[in-house]
Amino acid sequence: MNEKNIIAKLRYPSYYIPALAILILIFFPFLTNNEYIVQVGIMVLLFAVMGSGWNIIAGFGGQLSLGHAAFVGIGAYVSTLLFVYLDLTPWIGMLVGAVVSAIFGVIVGYPCFKLKGAYYALATIAYGELVRIFIQNTNQIGPIDLKGAQGILLPIKGHSWFWFQFDTKAPYYYIALVMMFLAILLCYKIKNSKFGYYLAAIGDNQDAAASLGVDSSRMKVYAAAISSFVMGIAGTFYAQFLLYIGPQSLLVDTFSTEIALVGIIGGAEVMGPIIGAFLLTPISEATRILLGGRFIGVHLVVYGAILMAVITYAPSGILPYLKKVYYKFLALLGDPQYQDYRTIKAPAKGLGGGIK
Amino acid sequence: MGTMTEATINGLFMGSLYGLIAVGLSLVFGVMKVVNFAHGSLLTICMYAVYYLVMKANWNSYLTPILVVPLLFIFGYVVQSKIINPVLKREFELGGGHAVILLTVGMMLVMENLCLLFFGAYYKVAQVPISSLTLNIGNIVISVPRMIAGIVSVILIFLLYAFLNKTDMGKAIRATGQDREAVRLMGINDFKIYNISFGICFIMLTLAAALMIPMYYVHPSAGKIFELRSFVIVVLGGLGSLNGAFLGGIIIGLIESVTAQFLSATTAEFLIFLVFILVLLLKPNGLLGKK
Amino acid sequence: MSLLETQKLTIKFGGLTAVDAVDMSVEKGEIVGLIGPNGAGKTTLFNMLTGVYQPTSGTIIFKGGTLTKLNPTKVSRLGIGRTFQIVKPFQLMTVLENVMIGSFSKTNSMAVAEKKALEVMDFVGLTSVKSIQARNLTLAHKKRIELARALATEPELILLDEVMAGLNPTEVNEVIDVIRKINSQKKITIILVEHVMQAVMALSQRIYVLNSGKKIAEGVPTDVANNPEVIKAYLGGGYTHAAS
Amino acid sequence: MSSKKVISLVLIVMLMGMLALTGCSGNKGEAPNADTAVGEVKVGVLLPLSGPVAPIGVTSQRGYELAVEEINAAGGIKALGGAKIKLITADSRGDAKIGMSEAERLIQSDKVTVMTGAYQSAVTYPSTQVAEKYKIPYIVPSAVKDEITQRGFKYTFRTCPPMGWYTKAQVDFAVEMGKKTGKPAKRVALVYENTDWGQSAATAWKVDVPKAGMEIVLDAPYPATSSDLTPVILKIKQANPDFILFTSYTSDAILLTNGIAQMKINSYGMAGGGGGHADPEYMKNTGKNSEYHYDLCEWSTDVGKPGVKETNDKFKAKYGVDMNGESANCYASMYVLADALERAGANDPEKIREALSKTNLSTTNAMIMPNTSVQFDETGQNINASLIMIQVRDGQRVTVWPESAKNPDFEAVWPVPKFEDRK
C-alpha cells in the first residue's frame, strides 16, 4: 500500500479511529501532568504484556496456568541480582533473566504437560508456591544475598537509559509501549502460523491432535519457553520500574490470578489480554481510589463477579462482544466497509475461541 | 520421646480433620470432575455461620450442625444448580475444559472478599470452656477439642463412605461419577445428583467448621489456608477417592507435625508442596486413585 | 508384502484380555471391514494400531517396519490416519481450521495448508460449512470433518471407526460414496469398523470378525455372513439383526 | 477477521480507557504540592486496610483520626491561619508494589504535602523511596526495620525505635529480671513468623542474646499463615526454654498463646514484641491464656505520663477499644507533624522537612509516649524513642519496665506462675 493510499483511506472511520488511538497512545504521557496517571498507564501496558505471555500457553494452548507469577519473579530476581552484584545493565539482565525464566518454564513445564486439565492447573499452583516459599526463606545462596522475605531494593544508579532508570515516568511508559507492541506482534505471528494452529488443536482436543501427527509435548514445551521468556522480560521491567522486588508482592498467588484474569476476561485471541488489561487495571485502580479503606476487598469482588459473568455468558471473553459493538459503531459512522455489521447478531468466532 | 509421640498424635488428629475438609473436594471431583477452587472460601462461610451461632446465640459448637447443616446444604444445592450447572453443561457439550475451574476461582474471589466486607478483617476466636481442656497421660498432653475433632472426623468420613456405598442415593452418586451417560439412561437426573453432591460437600465442611471453631480462629482468609492443604491431600490420595482423601489427610498431618518437629515449620510448608508436585508428576492418580 | 500386518496382537487390561492373539493383514488398496458384537475389541484394536495403547504382546508391521511402541503422533506421521468412534472435532475451530490441522502435517505454509484443506473439503463435501465452528454442526458433519482431517494428512492407510453410526440412510449412502471415492481416486487403503452391516458388506473386499477379543472368522463378505460361528456370535440373528 | 480490524478495535478501546483515566484524575493543574487548598494540609496515610494485617491497619488509622480530630478542633495549625489537617487514606493491601503505587498516587494525584504510614516494614521501605524521589516528608510511626533510616534519606523521619532497640530491650529486660530475682534466664527460644519483620527480629536476636550470655535453644520460624501451629508449640515444649521471645502477627499470636497454655509449657517468662501481641483482638481472643505474658511495646494505657488516661478514654469512647502501641504511635506522630507545621509556617514539603529535622518537642499530646522528647538525628531517627515492657495482669496490660515509666501499683512477676498453679 502506498503512502497516498493510506492518507486517502484516513477519511474512513475504520482508519482514522485507530490512527487517533495510536496517536493518543504515543502522546499519552504529554496529555497529563499527573505522573500517577502515567504510572497507571504503565501498569496497564505491563499487564497487557504479561497477559499476552500468559495467553500463549494458556489461551492459545489451552493449558490453564495459575502460577505464572513465578516466571515474572524469576526474570525479576535474575536481572536484579546481576544488576546489584555485577553492575550489569538491566538491558542485558533482561535477556538473561528471560532466558533463565524460559529454561525454568521448560524444566517445570515438561513434566507438568503430561498432566491434563485440572491436574495441570494444580501443578502450576504448586510450583508457584514452591518458588515463593523458597525465596521467602532463603537469605543467602553461596555469596549471593537473596534477602529472603525482605526483598531487594534496587540501588539508584542515576538516570540513564543504560541503567534503565529515569526520573520521569515517560521513558518507562515508552519502553512498556514498545514491549506491548512487540508482544502483540509475537502473538499475532504465533496465532497465524502452523505452531499457533497446533497449539489451538492441542488445547481443544489433545487425542485428536495426536491422531493428526501433532507432537503435543514438543509444542507445549515451545509454548512454555516463549511464554515464560515474555514473563521474564516483564519481570525485569517490573523490578526496574518499582525498584523493589520481594516474595510477598511478586510471587503471591493473587498476582498469578491477576495475570490470568487479564487473559481470561479479554479472550484467547491476540488482542484479548490487551483488552483485558485496559479494562481490569483501571477497575482495580478506580475501586481502590473510590472505595479504598472504606470497603475493603471490593475490587476483588468486582473481579470475581466479572469473571463469573464472563465464564457464564461470554466464554470467548469480552473481545468478540466489543468487536461487535465497535463494528456497529463504525457502520453508524458511515464506514462503507462495515455496513454489513449494522444488523449482525452473533459475535464472530474463530480459531480456539476461548475457554471451553 | 514424649514430644515425638505428641507430635505424632497431633499429626494424626489434624490429619483426620484435614481429611474431613478435603473429602468434600474429593467427592465433588469424583462426581463431576471439577476441582473446586472455592472450597476454602466455602469453609470460611461455614466457619462464620458456626461462629455466630456460638457467640450470638450461645450454642454449643458441636450442636450447631443441627441448624447449620440443613441451611448450608440448601445453599450448596442452589449454588450448584443455579451457578455451576449451566457452565458444566456447556463444558460437557464441548468435551472437557477449564470453564468450571475458572468459575470457581471467580466464586472464591467473590465469597472471600464479601466475607471481608461483611465481617471485617478481624480475627474471631470462640473461647468456649472446652477450648482449653486437656487430657494428661503421663507427660503427654492432648488437647481435648483437637482429639474430638480428630476422632469425630474419622467417624464422619466413615459415615460418608457408608452412605455412598450402602444407600441408593449414595450408589446413584457413585454411579454418576463413573458414567454420567449410563446413569442418565437409567432415568436419573445427573445434574440433580451434582446438586446433592455439592450439598453434601457443604455438609462435610459445616461439620468440620463445628469441630474447628473451639480451637481455631475465623478470618475471611482462614479457609484459604486449609484449601491449599486440601488440594495437596486430594491429589495425594487420588482425586475422587474418599479413603484417599482420608489417607492423604493423615500423611499431610504427619508430615507437617513431624517435619516441623525435626526441622522447622517453614521447611514443613516447603516439603508439603514438594510432595504435592512429586505426586502430581510421578503418580498423578494419587496413592489410591483409580485410573 | 502386505501394507499392514499384525502378529499375535494381544492386550490385557488387568485380568481382562481385550484383544487376544489377533493376526490380520491388509494389502495395499484394499477396503477391509472389521466387525463383531459390542465389546469384541474392535476399537481397542484400532487404538493399538494407532499407538494409543501399547500391546501387551505381539507386533504390528506397517510398510515393513514395526509400529509397536510408537505413540499416536509418530504413527500418524508414518501415514496412518484415523477417525474416532466418539467424534472428536476441534469444537472451537471452524471446519476449515479443523482440516488445516491435518494438512499441516505435510507443510509449514499457511497458504499451502489452506489450499490443501479446501481441496479435501471439496472432496468430502464440506465446502458449504467451511467457516462454521465445529461445535455448531450436526453429527453427520462432524463425522465428515474427522474424515477430511484424516485425509488431509495424506495417509496411506485410514482407519474408520464407525463413521456411519447415528446417521440416517441418506447420509449413510453419501458416506459410502465418499469412502469408495477415497479408495478409488486417492488410492488409500481403508480399514473400517462398522455396525451398519449393509455398508460393510457393500464396501469391504474382505472382512475380519472379532468376538471377545478373538478373531473368529475372516474372508469375503458372503462367506463371513454365512459362517455359523459369526451367526452364533451375533446371537443367531445374522447381519440383518445386527444392523438395527 | 483481518488483523487490521482487530488492531483498530483494540486501539479504540485503549483510547477510551486512557481518556477515562485522564478524565477521572481531576487534578491536572500545574500546581506543585504546595498550598493546593488554602486552610487545609493534606496528609497522605498509607496503611494495610485489607489483607491479613488489616486489623492493625485499622487500629493505626484510628490513632491518626483521633489526633487530627483533636488538633483541628483546637483550631488547626495556627501558623497557617488555622488550617485543618486532612487525612487522605490509601490502602496498601499489605503489598509492597501496591504501597508504592499508592504513595505515587497520594503525592501525584492528591497532592499531599506530607506522608505517613505504612505499618509494615516491607511496605514502608519501598514507599519511603517514592516519597524521597518526590521530596515529600514521610513520617514513619511504627515500622521498625533498621534499614529504613539507614539509606541516607533526607525526607524520612521515624518516631518509633528501630528493630535493633526492641530486641536489645527484650534481652536487657530478661537480664535485669534475672539479676533482681536471682533466677536468670539461660535458655532462650526464638519463635517468629517468616516474613520480613520476623526475620529481621531473628537476625538481631541472634546477636543480642548470646552477647548477654544466654543460649539460644530453639530457632523456630513459621509461616504466618499456618493452619496448625501445634508443631511449633511442641518444639518449644521439647526445647524447654526459660525465656521465649516472639515476633508474631495477630492470628499466629492467638494460636501460639492458646496452645502454650493448653500444653502447660512453663518458663520464667514469654515476651512478644508488639504486632500481634499488642493487638486488642489478641487480648480478646486469648482470655486467661495470655495472663502474665510480657510484651515489649511502645506504649500502654497505664504509662505514667500526663494526658494518657484522657486520650485513651476519648479513644475508647469513640472506637470501643483501648488504644494500643500502633494507635498511640500514629496518634503521637500527628502531634509531631502538627508541631513541625506550626514551625514551618507554610504548607510546603521542603519547609515541613526543614522543620521536622529541627524538631525538639517535649510538650503537647505527642508526649503520651514514654519518651520525654522527640528529636531526629541526621538519619531521621527519633533518638529519644523509648520502649516499655508490659505484663498482662488480670486481663490488663500493665507497664512493669523500665522503672521510669512503670505502673506504681504492679511489680513484674518473674518467673511467672506455672500454668498448673493458676486458678
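Remarks
In this document, chain identifiers A, B, C and D correspond to the written order of the chains, with residue numbering beginning at 1 in each.
The working rule: contacts are C-beta pairs under 8 Å (C-beta built on N, C-alpha and C of every residue); 3 or more make two chains touch, one makes a residue touch a chain.
Small disclaimer: the values here were computed from a predicted structure and weren't measured.
Graph distance from chain A to chain D, where chains that touch are one step apart, equals 1.
Centrality by Cα centroid goes to chain A. Counting C-beta pairs in contact, the pair that comes out ahead of the other among A-C and A-B is A-B.
Averaged C-alpha coordinates give centres for chain A and chain C that are 43 Å from one another. Chain centres here are Cα means. That of chain C falls 73 Å from that of chain D.
Measuring from the averaged C-alpha position of chain A to that of chain B gives a distance of 34 Å. A straight line joining the Cα centres of chain B and chain D is 36 Å long.
In chain A, the residues that touch at least two other chains are 133, 137, 192, 205, 296-297, 350, 356.
In chain C, the residues that touch at least two other chains are 88, 91-92.
For chain B, residues that reach two or more other chains under the stated contact definition are 94-95, 116, 121, 266, 269. Every pair of chains in contact is given here: A-B, A-C, A-D, B-C, B-D. On the side of chain A, the complex with chain C involves touching residues 192-194, 197-198, 200-201, 204-205, 207-216, 349-354, 356.
On chain A, the positions that touch chain B within their shared complex are 62, 64, 66, 111-112, 114-119, 121-123, 125-127, 129-130, 133-134, 137, 205, 257, 264, 295-298, 300-301, 303-308, 311-312, 315, 355-356. By the touch rule above, chain C contacts chain B in their complex via residues 88, 91-92, 135.
Within the complex formed with chain A, the residues of chain D that make contact are 1, 3, 5-15, 17-22, 24-25, 27-30, 47, 49-50, 54, 61, 89-91, 94-98, 100-102, 104-105, 107-109, 122, 125-126, 129, 133, 145, 194-196, 198-200, 221, 223.
Interface residues of chain B facing chain C in the complex, by the touch rule stated above, are 93-95.
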